[in-house]
Every structure is written in structure tokens, then in C-alpha cells.
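In the part that follows, the structures are each spelled out as C-alpha cells.
Shared chain: subunit A. Partners: subunit B in the first complex, subunit C in the second.
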Partner chain A sequence: MYTAKPLPEVNLPPLRVVGKPLRRVDALGKTTGALVYAGDFSMPNMLHAKVFRSTQASARIRRLDVSRARALEGVVCVLTADDLPDAKLVTDMPGQTGQKQRKGSDAPVLAADRVRFAGEPIALVAAETLEQAERALELIEVEYEPLPGVFDPLEAMKPGAPVVYEPDNIVARWKIRKGDVEAGFAVADEIVENTFRVPFVDHAYLEPEAGVAWVDGRGVINIRVCTQVVEHFRSIARAVGVPHNKIHVQGTMLGGGFGGKEDITVEIFLALLAKHTRRPVKLVYTREESIQAHSKRHPFIITHRTGVKRNGRITAAEITMVSDAGAYPYLSPYVLLYATIASTGPYRVDNLKVDSVSVATNNPFTSAFRGFGAAQAAVAYEQQMDEIAKRLGLDRLEVRRVNYLKTGDRNTTGQVIRSAAWLEETATRVLEALGEKSEPPNEHVRIGQGFASYWQSYGRITWFHDTSRAWVGLELDGSAVIRCGVPDLGAGQVNSLCQITAEVLGVPLEEITIYSTDSALTPLAGTSTATRQLYMSGNAVYMAASNVRRVLLDRASKYFEEEPENLDLADGKVFVKSDPENALPLAELAGMCAADGLPLSNLALFRAPFTAKLDPENLRGDVFPDFTFGAHGVEVAVDTETGEVTLLKSVACHDVGRAINRAAVVGQIQGGSAQGIGYALMEEVQVKEGIIQTPSLSEYLIPTALDLPITQAFVLESGTGMGPFGAKGIGEPSLTPAAPAVANAVADALGVRIHSLPLTPEKVLAAVRGASEPESGEN
Partner chain B sequence: MQVKAITLKVNGRTHYVALPPNVTLLRALRDLGYTDVKSGCEKGDCGACAVLLDGQAVNSCLVLAWQAEGAEIITNSGLGTMEHPHPIQEAFADTGAAQCGYCTPGMIISAKALLDRNPHPTVDEIREAIAGNLCRCTGYGQIIEAIQRASAMMGQ
Partner chain C sequence: MLPEFDLLQPRSLPEALEMLSAQRGGALPLAGGTNLVVDLRSGRRRPSLLVDISHLDELCAIRREGDRLVVGGGATIAQILDEPLIAEYAPSVREAARVFANPLVRNRATVGGNLVDGSPAANMPPPLLVLDAEVELSSRDGRRTMPLDDFLRGVRQTARRPDELLTAVRWAIPAPGSATAFYKVGLRKSDAIAVVAVAVLVEQDAAGVCRKARIALGSVAPRVIRAREAESALEGYPLTEERVAEAARLAAAATSPISDIRASAAYRRQVSESLVRRLLLAAREQG
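Right after this comes the complex of A and B.
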């Protein structure tokens, strides 16, 4: 039995609004169906669009004939690559923070002479009705000449393999060389080596990609769309061939994103069709098209070779990683970078060699997915830690405890961990809550428990020089307005900004209105990715609100004849701290400020730490602003007759720095856990010769309410994060430890390890029978 | 295709529409402006388009509009408004059960159908009732809590 390690003493300033599990500002609009999503908009005179896509994974387009489609009644526009000679889709992110675009990171908007993956767009259709647009797709004639394809990243690296795009199939490589690996292995008592594999995974957000575009009276192309990145307006402008200021992205609240709406989806298609037809155009993907068209989580093959002393201390580690980038690069280099840096786990490894490579194939393209490479890395490093414990005959916590990173330690790239690293604190809480193993109901069922610790960065790679802007203003009736370009994926991004403003200005939460997600009308806040919005835009809003607060208190100081520091703002009033009855409504104070011509609003810019780009041949230096730490534990029942794995208990504990909305934090933890558990047990986009075999939600299964226990969430607050009030990020971290925890629990139940996710009944039965598992890692 | 004039009774309003036989109730409702009925898969896998059809929760993508002629159709927006939310809508808002909110209207419809026939369901009965509604954000914990809370509120 384990006992929770006592927490270090922390001194968190008391707050009135922040931290409370308040009803989110967006909640009632969602529960009553009043909120309008991207696919819900329609416009007068609107056309309906469809995309014609490749059925081949690797082929030359010998002939493309759209004349019959163009001639169909109701069809207004058909576009092919011939109509767009200069249209390039930027799959890197230069438009977001101004950094240089990676070489070779363009993809065609529409395939011209060859296709590289099944589902690649070839033609666009706009018609008066959706039915006519669908019918037009059937009339498009295409002849393919199949070309040799490559569908396995290991094969794709071999000499003579078909080249997906020039010059070769290597999309990116990163290396870490730290300490003396040979010497480290020489002093090791044991060397443990394992290879782990993780599959393609789909984001499976409930809202398929959707949008409406139109050209307005100024010639501006407006695009109302669900996206995690309104800053794509610059890349859209480039693809469409108009100046940046002629594209206006009006983002909507998202029906889920998880990284799948981080890359451009429907935007360029809509902009092109609106530009060519001068009519509003709507494009909504079906579920099948969504699965075919958007990125997947990268499959990885990860090998760990770890030298350890008898007490579990790691003396050296050699790690190799291969990821499948699919047919176009997208964010593969950065996903690989995250995986590379996270590869050791939250452990001190002084002698380290990491070699990672991302490889092009004719598979579906891969890009961002909650966890962004660090989640794949965790599946490997946490199973490896259990294997080390098993080899040494040590307790699973003990082998981690002797290696855990501590505040002040240097990580894989030599970056100093500055915030709290509550690894033992979180792991022991999880283990204590799991308690004794349950009794199996019969002799066919085996019970197992497993846990995983993790680390995950929040905030973007610091060489991107990330910034966020926010505007906060007080209205004359004492209500407040926030303008901030933040896209809300459903995780509560905009609500957090409202709760921060409510805290700083003393305006009740329900009297705050936020305008968000607009590339032209709200200050640009950067992407809702990389667990960065609370950290970045939270700080920007905090700065802007604090600047308004200063103006208010200065003016109130004259009225009360008290120093500003003796005054405070709360519940819609300014008051004297020592005599709270001596108060003035904010509306009156706002009126006084307006009468004096004082600024009741402020636009603030927050900058993350800026660093120089690191040497890919040996990553050394700071790469991330900071890290979140925590643990997840589960208990499983494995039926040895059916191979079925049932989750009995799920417990997660994370140090979130400071919770801004406690209910939202718990929601992130429980939801992230569900995705991690799905990753471990059931989710896999099966791909055969480049063709997806799980084309809809009938085949691609995600957890239902019957598949999951409610994850018990322990929310710890060290107050040491870089976000407002000491907050860290929890969006992505909540997913990361769940899958390895499940894998460790299943291995605990079976006594043998299955080296590839998902842990399907077939693999479990094979493991029970002692047969070699399908696609097993060498061991 | 043959077009037929039919009557659809939605949230107490009557609509006369002319539709061919292959139009699903989901598409018909959305075209009438009931965009709170969400489209997630159009083949009955996700439950986002659930509505009450004469009190029964159904996936509107699996019902043809013609089949719904004359029936009492209730969508989530027919249960309450932002000013006067239904207790289930209120409970979903208060527990954090709506994250992205896209599954929420269908989820609330399933909850409504459950509580109508079983006002005090167990957790297992709640799980069973919403098993056809996928949620990718919450892990279902706060949704189950919301339905329990609504059950308690409505029982008072």
C-alpha cells in the first residue's frame, strides 16, 4: 500500500472568482442549443460545395475531365489544379508568428499530375444544391496510372524505396547527445531493451469540418469556419492570391478540435470558390470525408535501451524513434521534436543518445493531436520503466522515485526545470487512491493495476517567438468586454479569460462579454494548440485587465481620498479595504473616468520567452516555457477467455499550478483520460496499402458511456506555473499518462507485455496463449 | 424523385414542407432552421442528432422525414431557452457537462427520454441511456453527474 507524499507548503494568494467551479459563460448557449456552429450558418443565394478526392494512394493522374460535371444543371463552378496555377497549401506555420517557413513544407491545394494519398483533393465543385454538387462529383472522370507506393516508414527509409516527394523520404531528424552513453552503459548492472509501437488515431471530434465563405462589398473574402488557428488567414491569402488583409477568418466555437483543426481544412476551398463565383459558398464534410481529409496522430516505433543500477538509477539511455509522417509533412517535424525531448520521461538521464526520424509514406498525412508526440513518447517510456522494475525486481514506484526530475534539474536538452515537479506527490496520490486490487469475479478474469508518471510542455516551442494579445474594457454600466482572438475548442478557453477578468476588475462573471476568434476584429491571440491559451492569452488578458484596474483605482483614490493600495474591486464595486461598506458601484466609477477622459480599456501583448533555434544535430538549450507534471493510475480486469479488458478504476492527479475554473479542470482531466484510455484499448485507424479500413464511426470506435469508469481527479496547485496566478496547462497533459497506465495495468494482469497499442482482444488472447503477438516489437 | 407535401410538428410549431422520400428527418429539421439538431455521422453512430419523436429518443438521421409526418417532434431547443432553461439544460450547464457542446443537444434529448420514463435512474441506467450518444470531450463523468442532478431537481 502506498501513502500520499505530503505536499510542500505553498502560499497561494486568496482569490474571489478564479478557482471556483462556476458555470462557464458559454455553457447555457450550448445546453439550450442557442449556440450556432460553423455548419449551422446559411446565407442568401448560397452555393454548396463538395471536394473530389483521390481513391488512389500513389498514382499519376493521366487524365482528368470535369466537362460533364461543369455541364450539369445547377453546377456553378468546378475548379481543378489547372485553374489555380500558383495555389500552394502551406503545411508549416510561418503565418502564425512570423518565423521562416520550412523548406519543402508546401503541398498542392489540388493535386495536378500525381496523388500521394487516398483522399487527396483533386477538384472542387460548387452547385445550387448539395444534391447537385454530390451528383457532379460522380460525373468527374479521372484516369490514374498507379505508381509504386510506400506504406511503412521503415521501408520508406531503405535505398530504392519509392520517393513520396523530393528529395527523399526523410521529413525531419532530431538528435540528442548528452554525457557519455558508453560509460553509462559500462557501469550499468542491467540493460533493458524494448520496442513499442503506437497506431494512427483519429481525433473524432463530434463536429465535422465546416464553413461558409463570401466576398463582401469591400472585396474581402470572409470565411466563417471552425478552426484552432485564425492566423491561417495569411496562408489562405497566399493560396488564393490576395493580400493578407483581404482574408477575414471569423472563427466559430468549435465542436472539438484536439489538434485536428490545427491545420487548414476547408478554408482555402471555400475562399477559392467564393472568389470564383462571387456567391456565398458552404462546405461541410461528412464524417467519412472528415476521417479521410484531416490529419491523424502519428504512429511511432520507439526503442528504448536503458542501462540501470540495481537500485533502479538510470545510468544511460539510447532511444530511437521513427514516426510515419504520411504523404505531406504538415507538423511532423515539430511532433517529432516534442517526442524527442519528452523521450526519457520525467527522469534524470545524464548519459543520453536520442535519434529520431520522421518519414514520408503514402499513408494518410499525420500532424497535431492532443499530446503532440509527447503522448506517444509516454507510451514507450512508462512501459519501459515498468519493464526495468520487473527486471530488477523493484517496486514500480521505487524505480521511478530514484530517477524523478526535481526542480532545478536539467532535462534532456539541458533546460532547467524551474517550476514545481510534483512527480512523487502525484504518483503516490494515484496509487493510494487505487488501493488494494479488487477480487476477480471468476478464475478467467485477472486483475491488474498500473500507473504512469509524465511530463508535458505547455506553451509553444520558444524559438517560434510566440505572442498573444488581448483587449479588456469597462463599459459605462460597469459591465466588461474582452476582445481576444482565442479560438475556443470547448475546453473553456474563453471562460478562463472571463474568470481572470472578473477577478482583476471585480466585475461579476455574468456581466462579462467576450468577443473571440476573429482574425480582423479581435486582437490576434495565436493558436489554440500546444496547451498555450491559458498561459499566453491568460497572461495577456491579465495584463490588459490589470492596466484598466490601475486607472480605476487611481481615479477611485481621489474620490475616497485613500491610497490606491487601500482600495479593492469586487462584486461590481470599488471599496475601501478597511471599511468595505465605503463603496462605489463600478458604473459610477466608470462614469467618473469617462468624464475625465481616462482610458477604460487596454490592449496588452504577452510574449513567451524567446530563444534561438537549436541545432538539430544535438538539441541543447531551452525549447519550452515550462512543463506540467502528474500521474494516472488504473485498475483493469482482463478476461482471459474473451481477451476483453474492462477498466475498473481510473485515477488521475496533476499539478495544474492554479485552477482557473475547477470544474473545467476536472473536465479536462476526465476527458483527456477518456481519450488516453481509448488510445490504449480500442482506437486505431487501420490503413492497408494507404487505404483507410475504418472509414466511419461504425468501424473507428471511441469510448462510449459504457466503456469508462469516471476518472477520479486530484487537482493539485503548486502555484508555480508561468500562466496567470501561477497556472500551468492541463489540456494536453491530461491525456498523456492514461494510455501507458492502461498498458502497464494489462501487463500486470497478464504477466506479459503486449508491445503495440491498441490492446485489442486479439492481442490479449495471443498474449495469454503465449503466442507471438501480431506486429510485436522485438524484445 | 416524387415530392410529397407533409406536415412536420416541431417544438409546437407546424411546418408544411414538400420533400422527396429520401430526405432524412435530420436534414429536414436543419433546413427548417432547427440547427440545434447536430449532424455528426448521418448513420446512427454518434447520437448528436437525437430528437424526441412522440416521446421516444431517436436518431433523426435514421428516420425519413416522411415517416415523421404528424408526429410530435421535440428538439433540444424545444425544451427550454437561455432565459428559461429546462432543468436538464441547467444541470448540464452547472456541472460542466457541455465542453464543446456539439453532442449536448442529443445527449440532453436522451437524458430527457430517460427521466420521462425513469425519474430516478441509477448510474448504470444513465450509462445505458446515453450509450448511443458519443462525447469526445468529457469522458461522460460530468454528463452522468448532470443527469443525476437534473433528476434530483425535477423530483423536488
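Right after this comes the complex of A and C.
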């Protein structure tokens, strides 16, 4: 059995508010229903919108006739591509930079003469009632001329395959060439090769896409919408044909995003209809439309060929990756980049060759999903590590231990790991907590245990030159206000900013109000993606609050006749550290500052490290600010007669750098685990000839409470992250190791490996019976 | 979008039957609505009239009549789960209710609705078939009863006439020495449609000879089926491992599954055989 490796000594400064599992500032409004989500909002005189979508995966639109829909009573507006010449939905990096990977591959807002995937928008309807809008859809006549489609990325790369858009189906390629791969294989004692596959997955957030748009008295198009990216206002403006400053995105609290609300969803449709009708318009996707309309997680085919010494040390690795980009690129190039860089796992590989390619097909389009390619990579590299251990007859921890990256090591692209890399520390805690295998209840059941280590970047690709802004101010009554454009996905993004401000200014958490997620009225904070908001906006808020703190302490210094460093702020007071009874309420201090004309507020800008774009032919250099490290372990019971897998234990351990709200961190870990376990066991958007076969939540299954044991979460704090107080990120990392841990546990139970997710009862039974799995890629 | 329809709320069962009769063909009874409302929204069914029977208490009783149990057609799945008579005399019926959808659906869905829906994947028919349950169908013109086995016809097809309501399900409490078992394979632990469901009943005498055997399988044929050859292979013999294995093989041979998004036909057939064997052996030990 395993024993937790002792942690290095860490001396974190004591904090009063940060780290505590305090009640989140957003909790009460959500619990009582006072919070108005995007779909719950209505306005007087409001129209209801619906989207008419393609039923064909690849076809020419021969004829489109909306005249009957337009004539229907109650229908106010029907828009087609004819009404919006050249309107494009920009599908490259959202937000600040807009670096284009390929010209000409942006999706049309509405398809004109050609549809490339089933579900592609063709027309928009706005009517007095939702029922009228729905009836209008039935009256739209469209005639398709089917065109050959391509539905498999491997087929799509072959000469003569149908081309989704010119010049070919290659959406992106990245390469890594490091060390001498041939020499590395030459000195290997064993070479292990495996191919792993992962499927299309849906984000399945609680809240489908929704919003309301209206034109106000200034001619500004306001869009109240659930989005991870309020900075889309620029792309929306371009698509609608108005200046940037005439689009105002008022983001709402989200019922989950997971990357599915990182791309534009309903915004352009709403803006166009509001602009054309001059009336408020509401558009809410049903679950079925949501599944059809938003991106999916990329399916990947990943092959690892690894040379190892008998002691497990990796001497060389050759990795190929193919991802299905679907019908339009969206974020596929960057998802592929993440996968490429993460491809080895958190292991030192000095001789490395990686070739990755993302390929267009007529399948549903794919884009961001929690883990952003690095999660798919982990499913492959962690199963490969177990296969290496099996081949060498080594313990599964041992084969990882001799390869784990350490602080100061260089990673796949040669970037130096600067923060703590507590890989052995996290893995041994997980293994210790898993303990002895449970006894099987009967002879049909086999018990297995598995774990996975991982690394996942936090913060955006550093060549995007990422920034975030925040404004913090103290009111005259001693309460505080934060203004920061951060969208809150439900993960506690805004609460963390409040807890940081409470720590720095000594204002009680309940006396802080935050205004967020507004493209015009709150300083732009960038996207709530890439596990970046705590790092980026946390630092921006920390800077702004610290600047206000300096003003307060300088003024208090005069009052107390003490040096500022002898003073502190806490519990709504400023006080002398050596004599805490000698105190003054913040309200009085604020009054003194106001009387002296001192600034009680500050707007700060935080910049991530900026680097140059790397050469796609050989990625060498820094790509990410930093990485989170950790491990997940599970125990499973496998019914060998039905193939059913039951999770018995789930344990996760992550070094989060510093927890800002411990309860929120544990919530992230448990939620990420649930999503990762679903990825491993049941989630798959089945697609046949481009048509989704799992169109609703009765076919597309996600785990229920009965499928999930409570994940025991160990939260470690190295204090070495680049976020405020040494925090790292945990949003995406919490998901990444869960799926490979489950796959490894099932393989442990069965003694054979299933090379594709999800591990359905059918695949498990086939593996038990030794039947060859159709898509198995084992060599 | 819900299509337009008229909704009538009868005050009594006779009134409900009168309404259905008057509207012959165009009317549908609405009980829990857990299947029907989904079908209405999807446009799969477009009735002009719904007759809401969900509030008719006279349809909801579960009681014992002599050596028989009677479950009203309007009894909910949650009622089945809570009813001591079911727990004592029909544990497999209770088990089927336990793994039925989720608590919200169980609170609304009714036994009658689950049967008249005619789904081959319905949870309640397998355990009721092995109990030789009968269904009672009522209309304005009177009542008729028939074995559940005759009532189930095909995919979404039953013997119910449009003017009839399924008012009760009845079965004889199994003789001493009987035991039942039920198991459903779904793709998750809750709120999952059956990929394969099996119920069995065996009655053994003091010498261990099988006097009566019943095997029912769901999700492996156009309707929930009985495996009669397999049953015959057991009756009159001791339930040895070999005999049980043979019965399981015959039961699997009686299936005619399809391949769909949930599983292949081959998987369903294999698991049918494994489950029949497993459940027969489990029932043998209880008997």
C-alpha cells in the first residue's frame, strides 16, 4: 500500500478572509430565486425568436422560400442570408486579439447557398408569441441538393475526399521536434505503442443558451445574454454592421459554461432581429436545439509510441494526434495546440516528436470544452503510462515517479516549469486514500483501482498578450464596490474577487458589492475560459485593492502618528498592529480621505507574461503562464456478465497554489470529477453521417447522483502559483485526470484495456469476452 | 410547443368513460402525463381532446382481495414503492418501481400508463408478466379482463380500444415455495431506459423440483415477451445449474432484439442469457 509523500515545507502568510469556506456572495440570490438568469428575463412589447436550421449535413440550398412564414399572423420579421450580405460569425480566438488561423473559414451567420453541418442556421424568425414563431418555422420551405459529405477525419485527409471549405480539410497542424527520437528509441528496452480514441461530448450545462436584445434611445443594441465572453461585442458589431460602441453586452450569471458559451451563441441573432424590428427580442434554446446548435468537445485519435528503459524511464516518444474540427474551425487550432503541448503528460521526455492535425468534416462543429484538448491528451497519456507499467511489470506509481516533471525541468516546448510540481505528493495522497481494494460482492464482479496524474495550463496562450482590468472603490460608509467584467459561470468567479478585496481592504465580505460581466460598464476582464479568471482578474483586483489600501494607510498614518507598515485593515477598521484596540472605523477613514480629496478607488490593469508566437513547424519556447498539477484515483466494480461499471470510490488531490474559497475549490473538484467520470463511462454525442443520434437528454446521458460517489478532495497549497496569494487555477484541472483514472481502473479490473471512451457496458462485455473491439487500435 | 387540445376533467370514472366514448378516436386519457406530454410536445401525438383522470381516487387504490392483489390503473409508481403489500407479496414489482426513471417521474407516472404505453422497454410489464397478471379494461359499455400477456401486442401497440381505460391490474399471490427476481441493465444508475430487463418466477416443491417457471424479458423484442420454451424446460425438473443454463440459452433464443444507440442486438442477446441464468439461480435460493 502507498503512503502519502510528505509535503515540502511551505510558509504561507496567514490570511483572515482568503482561504475560508465563506458563504459565497452569489449564494443567497441563487437560492431564493431572486437572481434573474438570461432565460428568465422579459421586457414589455417583446418579440420571440426562433432559428430555422439545416436538416442536412452537406447540401446546396437550391431554393429557400420564407414568404409563407412572413405572411403568418404575428410574424414580424424573417431574416435570411439575403438580408445580411457578408455577415460572418468570426470563429477564431474571441476577445482581444483576433489572430486568424485561416482565411475564409469563418461561418456565415446564416447559410446562403451551402450548408456544411446539420443544424446550421438558415433563417431567423421573430413573432409576437413563441407559438407563432414556432409555427412560422414550419412554413419555411427549403429545397436541398445533397452534396457528398465527409464524416471521418481520417477519410477527410485522403486525396479526393469532399472538401468542406477550400482549399483542403486541414484546419491546423502543430509539430514538436525535440532531442533525438531515433537515438532515444535505440536505447530503449521496450517500445510500447497504443492508439486511444475519445468521442464527441456535449457540455450539457443546466442552462441552455438564452438572451434578450433591444435597441435603446441612443441607438445602442443591448444584449442581455449568458456568455463566457462579453468581449464578443466587437465580433457582434462587425457581423451586424454597427460600430463597436453600439453593441452593449450585459452578461448574466451563468448556469454553467464549460467552454460551450465561449463562442458566440444567440448574440448575433438577437442583435440582428432587434436592429430590424426595433423591438425587444427574446431567444431561448430548448435543450434539443442547444445540443444541435453549440460546439462539441473534439473527438481525438491519439497514438503513443514510447521507448522506455526497464526502470520505466522514458527514452523517446512519438505521438500523433488527429482531431475532428467539424464543419467550421472555431477554436480547433488552439484546442489542438493545447493537446499537442500536453501530449506527453507531466513527464520529462527529452526525445520527442509530436505531429498533430485538426481536420474539417461535415460533423457538428467542435470547439472549447473544459480541458481544451489537454483533457483529451490526458486520456491517452495516462492510459499509456499504465500500459508501460504493465509491459515492464512495474508498479504504476513507480513508472510515473521516475518520469515526473520537477520544478526547473523543461517541458514539451522547452518551457521551464517554475512553480511547484507536486505530482508524487498528489498521486500518493490519492493512492493512500483509495486504500485496499474492496472485496467483490460475488463472483461476477471484479474490482479495479486506477489513478491518473496530469498537468493543465492555467491562463491563456501567452502570445495572445492577455490582460484584465478591475476597479475597486471604498464607499463613504466603509463598504466597497468592485467593477470587473468577469463573467461568472457558476464556479464562484465573482466571489473570489470579493474575498480578495475583503482581505486587502479589511471590508467584511457581506459589505462588498460586485458589478460584473458588462462590456460597457465594467472594465474589461477578458474571457472566463482557460482557467484564467482567478489568475488574471484576481491579480487585477488585488492590484486595484492594494492601491486603495495604500491611500488608506497613508492617511491613517497621519491620524495614528504611526508608520503605515505598523497599521493594518480588518473587520471594517484600521488599527495599530501592536495595539489593535487603537482603531478607527473604515467609514471615518474614508471620510477623512474624501475631505482631503484622496482617491478612494483605483482602476488596475494586469498583464500576463507576453511572448512571441511560436513556429508551428517546431513549437519551441513558452506558451503558457504556468501549470496546475494533481491526481485523481477511483475504484470501480465491473459486472462481468453485463459490462456495467459502478464507481465505488473517487479521490482527487490537486495543488491549487492557494485556495481563495475552500468550499468553492472543493465544489470545482467534485463538479470536474463528475464531468470527467461521465466522459469515461457514458457521455457520447453519437453522430451518424453528420446527424446527431442523441438529440436530447434522454439519449445523451450524463451521470446522475446515483452514478457518482462523493469525490474526496484533498486541497494542497504550495503557494507557488502566479495568481493572487500564490493561487493556481482549478476550473479545468479538476476534470482532466478523472476520465483516465476511470479507464485505468476498468483496465485494472478486467486485465485488458478498452481503447476508446466511453466505457459502455457493451464495450466492457466485449473486452471481458475477449472479442475484438471494432475500433480498437491496439498494436 | 404543446399543440392545442381540449382538456376535460371528469368528476368520476363513469363520467371519464362517457367522455372517452363520446369522442371515440380523437381523445386520449391523461394520467401522469410522463409519456403523453413528451409525445404532445414532440408532435408525435395530436389528440383533439385529453381526458384528465389523474385526480380520480377510485383508480388509485392498491389492495388485497382474498388471495389476489389489485393495483388500480391510476396508482403511481411511487405508491408501488411505498406500499407494504407490494413489498411483502411482490418484491420484484417493487424492484421494478425502484429503478423506474427518477423520483419526480415516479410521483406522476402510473402503473396503467406504463402498461398502455406499450413500450417494449417499460419497467413494469416484466415482473407483472411473471406473476400472470391480468388487466382490467373499462369502457362505457362494460368491463373486460385479459391476461397482460394478451394485452401487449407490439411496439406501442396494446389491446386497449380508444374508449377504454386500464382500470386495474390483478394477480394471484404466488404459492408458497415461489420466488421472483428482477434486474434491469441501463446505461446509468438512474433515469435510464432499459437496455435489457428480465424478471423471473420459480415455484419449487419441497424436493426442489420446479413446479412453475415464468421468464419475461424487456427491450429485446417489439414487446415485453415471455420465454415459454425456457419456462417449459424448467417445469417438472430440479433447478440444476445445467438446466438453468439451458433455460437461459432458450430464453436468449426467444429474443429478437434490435441494435440502436444504446446497445447492439448481440449485446442484448448475450446479456439476456446471463441475466436469466443469474436471476433463476437467485430465485432458486430464495424459494
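One rule holds in what follows: the second predicted complex is superposed on the first by the 767 of 779 C-alpha atoms of A that agree within 3 Å, B and C clash if a C-alpha of one lies under 4 Å from a C-alpha of the other, contacts with A are read in each partner's own complex, and residues count from 1 in each chain.
Here is the rule we go by: contacts are C-beta pairs under 8 Å (C-beta built on N, C-alpha and C of every residue); 3 or more make two chains touch, one makes a residue touch a chain.
All values reported here derive from a predicted model rather than from experimental measurement.
> On subunit A, which partner's contacts cover more residues, subunit B's or subunit C's?
B
> In the superposed arrangement, does A:Gln693 touch subunit B (first), subunit C (second), both or neither?
second
> For A:Ala705, decide between first (touching subunit B), second (touching subunit C), both and neither.
Both: A:Ala705 reaches subunit B and subunit C.
> Once the shared chain is lined up, is A:Thr55 touching subunit B (first), subunit C (second), both, or neither of them?
So A:Thr55 meets neither subunit B nor subunit C here.
> Does the superposition put A:His444 against subunit B (first), subunit C (second), both, or neither?
second
> Does subunit B (first) or subunit C (second) touch A:Thr760, or do both, or does neither?
Touch status of A:Thr760: second partner only.
> Examine A:Glu134 and indicate which partner it touches, taking first as subunit B and second as subunit C; both and neither are also allowed.
The second partner, subunit C, only.
> For subunit A, what residues appear in both contact lists, the one with subunit B and the one with subunit C?
698, 703-706
> Note which residues of subunit C are touching subunit A in the complex, please.
Those residues of subunit C that touch subunit A are 1, 102, 185, 187-193, 195-196, 261, 263-264, 267, 270-271, 274-275, 278.
> Under the touch definition given earlier, write down the residues of subunit B that touch subunit A in their complex.
By the definition above, subunit B touches subunit A via 30, 35-36, 38-43, 45-46, 48, 75-77, 79-82, 85-86, 88-90, 92-105, 108, 126-128, 130-144.
> In the complex formed with subunit B, which residues of subunit A make contact?
21, 23-24, 26-37, 39-40, 203-208, 253-258, 284, 286-287, 489-492, 663-664, 666-667, 670-675, 696-698, 702-706, 708, 710-711
> Where on subunit A does subunit C make contact in their complex?
130-131, 134, 444, 641-644, 646, 681-682, 686, 693-694, 698-699, 701, 703-707, 760-762, 765-766, 769
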